[in-house]
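What follows is a single structure, and I will ask about it in a moment.
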Amino acid sequence: MQELINAVSLGCIYMLFAMGMSLVWGTLDVLNFAHGSIFMFSAFSGFYLMQETGNSLPLAALLLVGVVVGALMSVLAYQLVLRPILRRAKDKDSAERQILIGGIGLAGIPVAIVQIQTLSNPFSFRAGSFEVASYDFLGARISNIQIVIWVVGVLLGTAVVLWLRRSRSGLALRSIGVDSEVASLMGIDQGRLGVAAMAVAGGMAGLSGALLCVSFGALTAESGDVLLLKAFAIIILGGVGSMLGTIIGAFFLAGAETLLIANTSGTWVDAVSFGLLFLVLLVRPQGILGRQEVRRT
Amino acid sequence: MNKNLLRSAGIVGATLMTASGLASCGGSGGGSAAATGDCESGLPDTIKIVTVKDQTGVAAYTGTEAWRGIQLAADEINSGDMLDGSKLEVEVKDTAGDVQTAASHVTQAAADSSVSAILGPVLSDQALAVAPIAGKSEVPVVYTQAGSEGIVDEDWNFRATPPLVTYYPKIGQYLEKQGATSVNTVFAADIPTLEQLSHDVLPSVGEDSGFQVGEQVATQSTTQDYAGPVNKAIADDPDALGLLMVGAQISSAMQAVIQSGYQGEVVSYPNAAPAVAEIGKAAAGVTWPTNFDSSIDTPEVKAFDEAYTEAYDGTATNYAAEGYDSLMWVAKAIEEEGCATRDAIKTGLEKVGQAGFTGTQGELTFEANGHDARSDGYVVQWDGEKIVVLEQ
Amino acid sequence: MTQHTVPPTVAEPASALVLDARDVAIHFGGVKAVDGVTMEIAEGKIFGLLGPNGSGKSTILAGITRLVPLKSGSLTFDGRPYDDVPTFKLARWGMARTFQTVRLLGDLTVEQNILLGADVGRSSGVSRRAAATERKECVADVIDRTGLAKFVKWTPSELSYGVQRRVEIARAIVMQPRLLLLDEPVAGMTKSEKLEIAALLSDLRAQGLTQLLVEHDVQMMVDTCDHLYAMNFGKLIGEGVPADVVKTPAVQEAYMGKGWRADA
Amino acid sequence: MSAWYDAHLILVQATFISFLVALSIQFPMRMGVFSFAGVANYALGAYTAAIVVVRSDEIVSPVVSVGAGVLVAVVVSLILALIVRRLRGLYLAMATISVSLIVQVIAFNGGELTGGASGMFGVISDLTIGSVIVVCVVAAGILTWTERGTLGRRIDAVRDDPELAVSMGINVNRYRLVAFVGSGVFGSLAGGLEVLLRSTISPVNVGFSLVVTALTIIIVGGYRSWVGAAIGAVIVTWLPFYLQAMERYQQVIYGLFVVVAAIFVPGGLLGIADQARRRLVRRQLEHEDQEAAAEQDAGGAAVVDAVGASRKEEAR
């Protein structure tokens, strides 16, 4: 029971982080390697604000700061770096490469800034007015922050899936992911939609950054890196372009990790979870829910 | 990325010395100039010492703190005229958390014949890369932290910080007093020192102090969510729980312990200090052995803490204390030999080491022919507001 | 020089047919893209495959070149069955093709693109050096005959569409193929460009090159081909003398009179 | 010179090793194989060489220890190539990153054999920087051969359009196999030589950051030729060193540099040189065209027409 609670919480965390990355990857062809830095820097902004103003901000305010900073950074990254790269690239492969390297370069900047600011010490929201407390629940323990993560995870997960499936802008966005040429023929303004998608992705990264800073107790400048690699794995596992796939991938990885820690020596966790990913790819080269490319010549 | 995390982990790299019998690969390519000249003419006006420590990057806090301590020591040596009119000129080079950069700086300093000695990096992986260079180019290097095996095996390499595993057994007295009979641990398995603490040191301490080490939950430097590992470790409700990981992980692990409602003893190691201070009251009772704390009541610590507070605000850290002791050791070596060539400093360091001296880390003795520091250490506890010394 | 484009006789063909595709079916999931098509391509003629968009023309080409697997049916090239022969080997046997879209390598010059075809390694020469010389002559000859001499040092992006397509055909010809498959070689071209290509193909036929031409320009098919297959919804809907085939009701209906009457 | 060389020895060594590491990812990339197995091969090469040196009682020649690593890496690469033959693009990238991470975890858990978390030290050998340079020069020579003439064209086709390539009689699968083997050779050479130069290796040294470094080298320098890898290796190794003057902000500057390179120099620095060369050739051609048009009669006019048409095409 306790394992289940832990696995679901971890799954929600992975999901919140990976969904934004998946959204822009599946629709705009942007594999944003700066996503982890945006996540970290958003949380750091909350910490910095508290430290500078001497205020003990409530959780809601910290989350809001996270969302705003994340969305802003993400949009800036898109407009200043990623979009120019896309516009200049001569084919899809070279765009993929340049986006990757541009993201890596971008990612280093906030990390370096926070390292300078904190001297690489962990930072936390402990000065905030939010107290972590835990309750007995069906013979296991669950904390208030876990509950917040569950609620936010379920709400946002559903919202994004519904947005893409139902709303006009969501559908337009999906059509860019399927065929951007056709989409532009249909009169879809890719620039504005791209900005919207990047803002949503960054906002989710920032939100998860703030939530995780509370849930994990503290973050460091490098905290985003580990999650980035995991999110990469999760999205590939689920299949690029499928939101539902990303959600499944997140819970799959969280479940596998939690089970492994509970039942084996923890030193093999990464090997086994990446080994599983490897096996899934061998059986389904396009990921669990990935689009099979049918190419007619 | 991964590497960065692991590097930040390397800070704790203190390790039990094992005589592995590796021959030093010391060549015979020594330089020939000021720092390597003769001793006839006594001490030069200035003696150049290069510090190679992280000022930026993943382990910036260790290197910047050590550099503060070193500067305090230099001021004291120069203003107190300890070296008979001769001044120490210390210079810092940033390794930026990178092994290659560290090795490169040491190579450059070694090639510069005006450099008499080098204060080496804090991270074990950097130190391991530097050690053979020191041996080959015959320049004395004094490390702080950097507790991995194999570093001071090489001639010309010295370590001013007692490895964590050598004073950690002190925790046994505390656990015995608390009547603990069962201890479980959560540890970062990819950090050699912490793995050793959990697998070797604690169990052997337990044999004398009447406790058994049961469940040992291995985690990795990439682990972020500690709910699972902590729950596994407290499943059989042990009397004490050892938390042995680094940086933000230690905060996460303590957070998980608090959420789990665990009521037993929590023991850790010096890295816990900033984390418990952050958590505050909820972390009251966390206990660990250490080689330095600013609240320790010795004249050396008092004086050092005062000087530190005056220069930088805040209280002195163990990294700063270690940096201070390392330069003091070098100064004593120069004083002992009355000469500042590399050869003389090496001989002096060995002589001072074999005799031992009292520094900010208490009474230091040295093993491995005067190359490797040892101290008894202290046991300290976070009482919810401040750190108090339990065993002195 | 022209004799270079006549493929050297490798062995006495067991059958007069260069390509024999029998009851070929290709399915994508549940979609029957090609459903039981039989084609017999005889030596030295231009065969046409006509059909509206989505009728399965390109798919059957992909099947013939073994880029997609067959659901059922059999394939024979020069009397040799090749149901499990990979595409690259087929190319070495002498099956060359062009694609529906321009597939030139953008980083290479025109000359280098054409040389790619000459590299195929179907050398008949005795020594490597002799083969290399022969190859060089062949490339020079082909460049000359396709009127590309002016463009050899250019890169594809600097060329007009019509010239790009000619480079592709040239690249296929230097492979010295026994059978040339052309997938809509004149799509999107001006009338004069189309005529140029048609003349080139007829010229190649005169030298004995067997061709299968996939198009939906009805006029060109009638003018150029010796034998015509018509396809719709993955099935053959007619075959025979081109002028007759395009007049059958089934073909007329498939095309709804469009291209044919407009061009006629 | 010698004093400078002594002081910068580590950076000189690092430049050559980075070059080999970059090749282990660039070589498959040139064949359209987006594989990061080079890092796994680096680890295999380094650990095998270290184990051979440390376990044997006598002094082992670098040829034997590094050679053993290359052998192991090539065998593993061949097996890997067969297993992942259905994967393409970023899916292949992820699968090979997984393999690299698994190799790293195995190194962590290798106990006595690999030295566990502390890794191995005291890997003493008589390897000199001269031998490393020889290896790099030989590698560059072989790669030059693969970048020219028939083979060069075929590799371009295999990367840019595999379907076209098979239609031109090229055995694409065999090229993919060679891509993996090449990655194995270059990666394990880098690892083996590095461990002998530095005398230590630990799991920390074979992580994901190596992927990032190699990728940065390739993109900054240019991915189409070993020359790009060489340029990138020099920049990525030496730039941080010269940025030290920026003190605390060096990492920020470095990040900005990579970003600017990604936006404005898509073909890497080598790409800029290529473009310049091409522009020169084109200008020459145009010049010739004009002369031809002036001199010739009707036949020449047709050509000018065609040129005009293509110019319009370009302008679009």
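Per-chain numbering from 1; labels A, B, C and D assigned in written order.
Keep this in mind: contacts are C-beta pairs under 8 Å (C-beta built on N, C-alpha and C of every residue); 3 or more make two chains touch, one makes a residue touch a chain.
All figures in this text were calculated on a predicted structure; none of them were measured in a lab.
Put simply, the chain nearest the middle, going by average C-alpha positions, is D. Set against the Cα centre of chain A, the chain with the most distant centre is C. Inter-chain spacing, taken between the CA centroids of chain A and chain C, is 49 Å. Averaged Cα coordinates give chain B a centre that lies 75 Å from the centre of chain C. With centres defined as mean CA coordinates, chain D is found 39 Å away from chain B. Rounded to whole angstrom units, the spacing between the C-alpha centres of chain A and chain D is 30.
For chain C, residues that reach two or more other chains under the stated contact definition are 67, 99, 106. Listed for chain B are residues 1-2, 4, 56-57, 189-190, each touching two or more other chains.
Taken residue by residue, chain A touches two or more other chains at 90, 112, 115-116, 229, 267, 270, 297, whereas all remaining positions touch fewer.
On the side of chain B, the complex with chain A involves touching residues 1-2, 4-5, 8, 56-61, 64, 189-190, 217-220, 222-229, 231-232, 247-248, 251-256, 258-261, 274-275, 278-280.
Chain D makes touch with chain A in their complex at residues 83-84, 86-91, 94-95, 97-99, 101-102, 104-106, 108-109, 163, 208, 212, 215-216, 219-220, 223, 248-249, 251-252, 254-259, 261-263, 266. Across the complex, chain D is touched by residues 31, 81, 84-85, 88-90, 94, 96-102, 104-109, 111-113, 115-116, 229, 232-233, 236, 240, 267-268, 270-271, 274-275, 277-278, 281-282, 285-287, 297 of chain A.
The touching residues of chain D, when paired with chain C in their complex, are 150, 153-154, 156-157, 160-161, 163-173, 224, 278, 281-282, 285, 289, 303, 306-307, 309-310, 312-314. Considering their complex, residues 1-4, 6-7, 10, 15, 20, 22-23, 25, 55-57, 93-94, 96, 98-101, 103-104, 107-108, 110-112, 124-125, 128-129, 132-133, 148-150, 153, 189-192, 195 of chain B touch chain D.
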